[in-house]
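Next come the structures, one after another.
The same chain A turns up in both complexes below, where it pairs with chain B and then with chain C.
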Partner chain A sequence: MSYYLAMIGTQDNPIYELEFGSFRQGNDGTSKFNPEMKELNPFILHAALDIIEDVQWETNTLYLKAIDNFYGHLISAYVTPGNVKFLLLHETKNEEAIRHFFTDINDLYVKVLLSPFYNANDPIISPSFDVKVKTLAKKYL
Partner chain B sequence: MSKTIKATADDIWKNKVEKINSELFTLTYGSVVAQLCRDFHNDYVQVNAQLERMGFNIGIRLIEDFLARTGLGRCQSFKETAEVVSKIGFKIFLNVVPLVTNWSGDGKQFSLVLEENPLAEFVELPQDDKASRALWYSNVLVGVLKGALQMVQLEVDVAFVKDVLRGDDATEIRLKLIKVLRDEVPAGED
Partner chain C sequence: MSSLINPSLSHTPPSTRGYNPAVGVLSNGLLTTTDVQHAFIAATAPSIALAPGKRNSMALRKTPEISLSALIYIFNELIINYNFNQSSNIAVLEKKLNALGYPIGIKALELHSTRSASPAAPETKRFTRVLDVLQYIHTHIWTMLFSKTADNLEKSQDNADEYMIIDNEPPLTKYAKPPKEFDQLNCNAFVAGILEGLLDAAYFSCSVSAHTVPVDGFPMRTVYLIKFSRSVLEREFVRFSR
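The block that comes next holds the complex of A and B.
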C-alpha cells in the first residue's frame, strides 16, 4: 500500500510532502504508485482543499476523516488550529491509525514551529523532522 | 564541601528564586538570536560577538545578585570557582548543573559540559552550512561567565568548543584563567 502526505500552509502553499509505503504485510516502506499517479498526487490533494474549506467549519474536531476520493484512492485531512492542513492520500480506510498519525504529526509540527529560525509557512526542510515523520509512518501505517 | 554546596544551591533554587515559564524564556532568547541573525544579514561572527556583549552586560549585574542571594565569600582556588559556577551559578539561574571536567594540568583551564541546555530547546539551526560552522547559538552564556567572573577579579577566556545544535556529541564551554586581577591603586594615590 502506498501513501502520499502533504502539509499545506495557510496561504495554500505546500510546506512538506512525503511519499511512502506501508511496512505492514512484509512491505518495505517504498511507495508503489505508478508514474502517472505520482504526477497526479499533488493535484488530487490540492483539489481536496476546497472540500476542506467547506467541511472544516461544520465540525469541532481537527481530524476531518476521509473527505474526498479519487478513483479508489481516499483523501483524509486534518486541520491544525492555526489552519495548516495535513492531507493524506491512501488506498484503504483506516480511520483510527490515521487519526493517531495526524495527531503525532501535529505535535512534530508544533516543535518545528517553536524553532526560532523557522517562519510560519516556510517549507519544512529539517532532516530530523523528515526522519521523525517516517518513523511515525512506520509505526501507524 | 560539595554536599553543602549542593544543599545551598537547592535551598536557594527552591526558596529564593522567582521562576518563569521555560517556554517563554526559550522562545524569548530564540527570537533575540533570530533577530540578530536577520539584523546582521547572517554574519554569524558578528552575531556571536553581539550575544557575548549582551551576556557580558548581564554578567556584570548578575554577579551582584548572585552574591546577594548566596552570601558566598571569595573562592580560595580556581577549582572552587569552577564548582561554584556550575553547582550554584548554573543551578540557581538555569536549573541545570553542568559537569566540570577536562582540567588542564596546571589547573587553569576546565570545561563545563551541559547535558541539557534550556536556551536551545526546540532549536534547529538554519540549514545552511555557514550557520552550523560559525554560529554559537548560546553564546550569551560565554558573555555572562566572562562578565560575572571579571567582577570578582578573575580574568578568564571563555568560549564554546562544542554544541549539540551543530551535531556535536555534547555542549561544552571552555574556561581559561588568564590572571587574577589585583585591586590596583589609582595612579598618584600613594
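The block that comes next holds the complex of A and C.
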C-alpha cells in the first residue's frame, strides 16, 4: 500500500508533496511505487485538478471524497475555503480515515499560513510541518 | 561518546530536513530515526490550538480582543505615516494600503473557518455563491475583525456586478483625521484590501474600494464597493440560475 500526497496552491502550483507507504500490518512506511509510477504520480494528481474545479462548485463541503481514478489508483481531494487543494493518491477505499487525515492537515496548514514569514502559495519547506504530516500519515493510514 | 568528541557545529543541522521544492518527493521520502525524534519534540512542544476544544486550547477565549487605542496608534504611525511619506498622491497611498491588507484577508478566511469548526461539527463549509460569501463577510468576518457586524449589505441598482458593504463607524479610522488637502483619503483602503484578499482566495475575484459617504450623525460612514469580475457572474449564472 503506497500513498502520494500533494498540496496544490491557488495557482495550480505544488506547495508540498509526500510519498509514503502504509504503516499498518507491519509495514515501515516506505512507499512501494515502481519507478514508472513514481514519475507518473504528479501527472495523475494534476490531471485531477480539472475535475476538482468542476466538482467544487456543486457542493460546499471541503472533503470531496474520491473524485478520480487511474488504473486501480484512487484520487481523493479536499479543498480548503481558501482554495488550496489537498490530493491523495491511494489504492483502497478508506473514506473516513482520509477525511480525518485531511482535516488534520488543514489545521497544520493554517498554522503554517499564520506565520508572518509565510506567503500564500509559497512551498512549505518547514521541517516541523514535514514531520507532523508524517506523524499524521502514521496515525491514520 | 562520539557526541562528546564532536563539537556541536560539526553535526549536520536538522534544518536540512523538510520538503525541498527543487528536489520534490525525494527530499522528504522516508521516516528515519531522526524524524521520529523530531516528531517527539514536535508533539511535546507547546503549540497554539486553533479551535476551542481542540487539544490544549490557548484560543479558548472566543473573542481574543486587543486594545483599540493601541491598534489605532500602530495603524496611524506605522502604516499610514510610513506609507504616506513614500507615496506621491492619494491613489498610490490607497493602493499601498490595499496591498497591505490583501494577504491578511487570505489568512483571515482560512483561520476563521478552522476556528469555527467545533468537535461536534468538524467540517466547515466553502462558499459557492456570491450572496453566501458576502453574508459571511458582513456578519462573521466583521465580528472577527471588529467585534460587531457591518451595518448594511446592499446590491447596486445600476450595475449587476457591484455590491456594497456599509460600516457606519469604521473602528480603524475612528480617531484618524487626515489633513484638509487629503479629505478624499479613506484609510479604510486597508480593510478593502483585506476583503479583496479574502474574496480572491475564495475564487470570487473582484476589486474592492473604500469610499467615505457621510450621513447625519455618521461623518466617517464608509462604503466598501465590491466589483466582481465577469467570470464570477458568469459562473453564478451558469451554475445557479435554474
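A few comments on the model shown:
Criterion: the second predicted complex is superposed on the first by the 141 of 141 C-alpha atoms of A that agree within 3 Å, B and C clash if a C-alpha of one lies under 4 Å from a C-alpha of the other, contacts with A are read in each partner's own complex, and residues count from 1 in each chain.
The working rule: a contact is a pair of C-beta atoms (placed from the backbone, for glycine too) under 8 Å apart; a residue touches a chain by one contact, two chains touch by 3 or more.
This structure is a prediction, so every number in the text was calculated from the model and none was measured.
Residue contacts after overlaying the shared chain place A:Phe117 against chain B, while chain C stays out of touching range. One of chain B and chain C touches more residues of chain A, and that partner is C. Look at A:Ser126: by the touch rule set out above, it reaches both chain B and chain C.
In the overlay built on the shared chain, the residue A:Thr80 is in contact with chain C alone; chain B does not reach it. Of the residues of chain A, those at positions 111, 114, 125-126, 128 touch chain B in one of the two structures and chain C in the other. Residue ranges of chain A in contact with chain B, taken from their complex: 111-112, 114-118, 125-126, 128. Interface residues of chain A facing chain C in the complex, by the touch rule stated above, are 4, 10, 14-20, 28-31, 38, 41-42, 56-63, 79-83, 103, 106-107, 109-111, 113-114, 119-120, 123-132, 134-135, 138. The residues of chain C lying in touch with chain A in their complex are 14-15, 17-21, 24-25, 28-31, 35, 38-39, 42-43, 47-48, 50, 54, 103, 106-107, 109-111, 113-114, 122-128, 132, 201-203, 235, 239. The residues of chain B lying in touch with chain A in their complex are 23, 26-27, 30-31, 33-34, 37, 122-127.
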